């Protein structure tokens, strides 16, 4: 049995695990992410790896990191939420741990995890869309992870979907993630509450508009709140319409939806399928892809990173 | 020297040629396309191939066809402008010609031609955008032609860029080709003429709004007509903004612009680069791709098809 | 009792009636509209007036005409669907009939009819929106009919609601009537049918997409067809969102919805109210206007024209 | 000679003046606005009025206030930047000053001032658009100030121009003032600077993106900076396209542009006229309105308020 170690470094937490060749996590650990201190992140990751190495025999460590990674899978060029700027994370970690390390974009790693052991396991062309705070993506094309010419592909959240649209944190107007992310869901829900159109949501939030968040909306929708259902429906339609555009370009066989908002299950997926079909070019003349929920949850990144490291 | 035969079957003409392994066409021939008669097309293609085979020794024929092609590169599933519906064109042509045949989407074949012998020859991740009547595309990713899960990838003209936008021939609203194609250029130019804002263009067209076409606008722009320059500028900006969205997804190293409208050269490319930079997410933190003109003209498809056939 | 004659000249029919000072039609008549022949229209209108004058005593004739009318209420400057171009219709009709004539825009006349005897009878600031083939409007502000500086006000169907949107017959992109008219409803319904998402509608239309029309959609919605209900819902939301923009500018007390599509009643009005509230600026800090159905049907224009003539 | 007192109460300053019946200010005074303290505002206004009354003989005081004013011209229902909520400002000021007071919306008062003594003095249907931090408006229709059914008309900055557009402070997406205001100009300029496309602007701002403001952009444009000229051009086109929508509804004879950004003169007005003509429905078949700069500057409000008070 071949083991590898996978690590997922996000803006709020670091998750590490030892993964076998069937994608099963045999042990995992997590710590908070010291996101503003580059050395502290390296130390934290190395500490998790060293500790796991005491009890498990592995030679390869794969790290999924939320940033732009160079084509050599070594240097983090830029990360929006972590202090990395042109940091050779691979060299630092190989020095500290003595293991062979590869760095991958976290969403790419998650896509590979889902492709290998999860929602994309039966096809060759696969798109993972993570709907969390933002919208991320990972692509497996012709059976291989696609990273782009400069290691920055699959940033689908920044495809423009509304000219002159909502101002995105990236500085552009109208990015996909302004309409199809968890943040978009919360923005719409708070707006509805402020306008007096979401009294039930407001009540669930203890009367505070600022306390309305994504899980609260999803919980309300599950219990039949019509406003929450409509909000998830609007989010899902934007998501599906974006998938139609991505399908015109990429023609994948399966699109899996992961990330926190995917916990809404069919309340999100069904309107996504409707939005997709309403905008798919050539429908009726082409095989139709499958839109389904991702299956590995927030461990997809570490599982995928581990598997990429040992290949 | 290895020769192969390439054929490009469009809605108005069929172009065939014998291509050597440096991408040079040693002989070519063309006939009008009998687009509404499936058997007549097969006969016409076979006739061109048989005739070329009398003077050249080749074993492989690659056919670029304007339609959806199945993953086996054999059957045309659907073609918007030709009468093919689930036609096994490969079987028909192999029967008639005795050669080994592969069928490719015409834009994919052109992308491969440009990648191998033209504008994309020095990199691994390449996007060809053909700006003609519509907007087509072809993708080479990690050095391989990307066809999609069902053979229908790279239909970038049908990415939605304006929700609720202009009605496209495909039945959807707001497709990219409604804003960045030669037809879009003509629509804008005629609209300007009808509104009395393009007197020079109207004069060039003999006073008839209906006579304004793309080459006329380009010619006027080359001679300094400010309205024509502005129209190409608007087209170029839409094009560049679309490339920014595609780059968020695909991260190519080079984007080449082909098709008839690319004859406007820098009058189109310069505003395209401006539009691209104004919308590129992560600019300043990523290597920037090159936007350049395609170099093989309307022979890119046959050259690419020939090369794909012999591999 | 004061009688006046009202005439409504449209692209397909001419409707005339004698109206008393309570807005009741005491006799009416109609003929087909010879829309392409200016003299024939004049003759037809004069014939209807002369015939009614044999049995009723009136001195004033008001004519509602589907076109731009000059400020003197005399000349039709331009009409999109009738052959009038700078025709002094008032002079022609006064010559023929010997009555005092005023010409009004038909939607303005209808707005005055509804304001005086119908849906706007209890307030001072009133907007009538007619949702038929296109979207028309009429404004009563501070209790007076508002015609605009040049007699061309209240053409609300040509307010732009989507930059780069659907091409309108007026030559612009994204006009309100491309999203909120009966034609928009039919376009959406046919598109759904072509895409295989409206089988029930297609069945009602005898299997012919081209036979799907507005009354068919409304009838299906009344009988519970979920696709038809959703289509009217989408139309209603666009309508309500447009009303929110108009309210930001005009702050009316009542908006009445007339025209053929208003026959869908609450299936249209309820989503219109939702769309309105979702987009109204300052909601919660301002009195809310009433959105209701117009009450005079297709006689609003003739009733209003008659009343305007006798004032 | 008839004198009246006009006061303009904004979020940052209070401006008062004595105005004769030719619109000339015979004496004026200003103080900072204690915007968060309702009583302090009343005291400040009363103080200015009392002081002016020592040297001038007037019976009427008109107050322009930046908020929703009730139809009786007495109570401020709501003000976005001042602490008024249902405050009967008229009663308070009449108590304090012993004068006859009327309260008007400040933009309405300014429109009346321009209509009576400034840019709209020769016509009957007039729209003033103030392009400052936001976009405000005032309407004179058929020669009378139009206030709307509830006193809240002419809030043209909140007409929606981009569905799903930029989030406005009012809670809606895509409001006109997000695209055509001074704030929009600054947002575009800073974005260009951050993206490295406005080095000259950045240099003028001492290298600090945050220091780029509207007057700086206008000054740069006057001195020929091509980026600044292009930014004012884009702002002007949005402005003109919005005026085209407003013209479809209102058909005014003159639109005057006031507010701080109007100091850019033809650098703003010329692209506004182009944007207007490109989007005007029925162009060629209708008289064309005049778009010109407002002439009374920031005193339009007090002059208009004074004149409204004495009528």
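The first chain written gets the first letter, and so on, giving A, B, C and D; residue counts start at 1 in each chain.
Criterion: contacts are C-beta pairs under 8 Å (C-beta built on N, C-alpha and C of every residue); 3 or more make two chains touch, one makes a residue touch a chain.
Going by UniProt, the chains are A, B, C, D = Glucokinase.
The structure displayed is predicted, hence computed values, not measured ones.
A.B. asks: Looking at the contacts, which chains touch subunit A and subunit B alike?
C.D. replies: Common neighbours, subunit A/subunit B: C, D.
A.B. asks: Would you mind telling me which chain pair, C-D or B-C, is linked by more contacting C-beta pairs?
C.D. replies: C-D
A.B. asks: Farthest chain from subunit B, comparing Cα centres?
C.D. replies: Looking at centroid distances, D is the chain farthest away.
A.B. asks: If you average the Cα atoms of subunit A and of subunit C to get two centres, how far apart are those centres in Å?
C.D. replies: Taking the mean C-alpha position of each chain, the two centres sit 51 Å apart.
A.B. asks: Could you work out how far the Cα centre of subunit B sits from that of subunit C, in whole Å?
C.D. replies: For subunit B versus subunit C, the centre distance works out to 46 Å.
A.B. asks: How big is the gap, in whole Å, between where the Cα atoms of subunit C centre and where those of subunit D centre?
C.D. replies: The computed centroid separation for subunit C versus subunit D comes out at 34 Å.
A.B. asks: For subunit C, write out the residues touching at least two other chains, lowest number first.
C.D. replies: In subunit C, 162-164, 171, 195 touch at least two other chains.
A.B. asks: What residues on subunit A touch subunit D, complex-wise?
C.D. replies: 162-167, 171, 173-174, 179, 187, 191, 194-195
A.B. asks: Taking the touch rule as given, give the residues of subunit A at its contact with subunit C in the complex, in rising order.
C.D. replies: The contact residues of subunit A facing subunit C are 163-164, 195-197, 277-278, 283-284.
A.B. asks: Would you mind writing out the residues of subunit B in touch with subunit A in their complex?
C.D. replies: 68, 77-78, 123-125, 137, 139, 141-142, 144, 146-163, 168, 170-172, 175, 241, 244-246, 248-253, 279, 281-282, 285-287, 289
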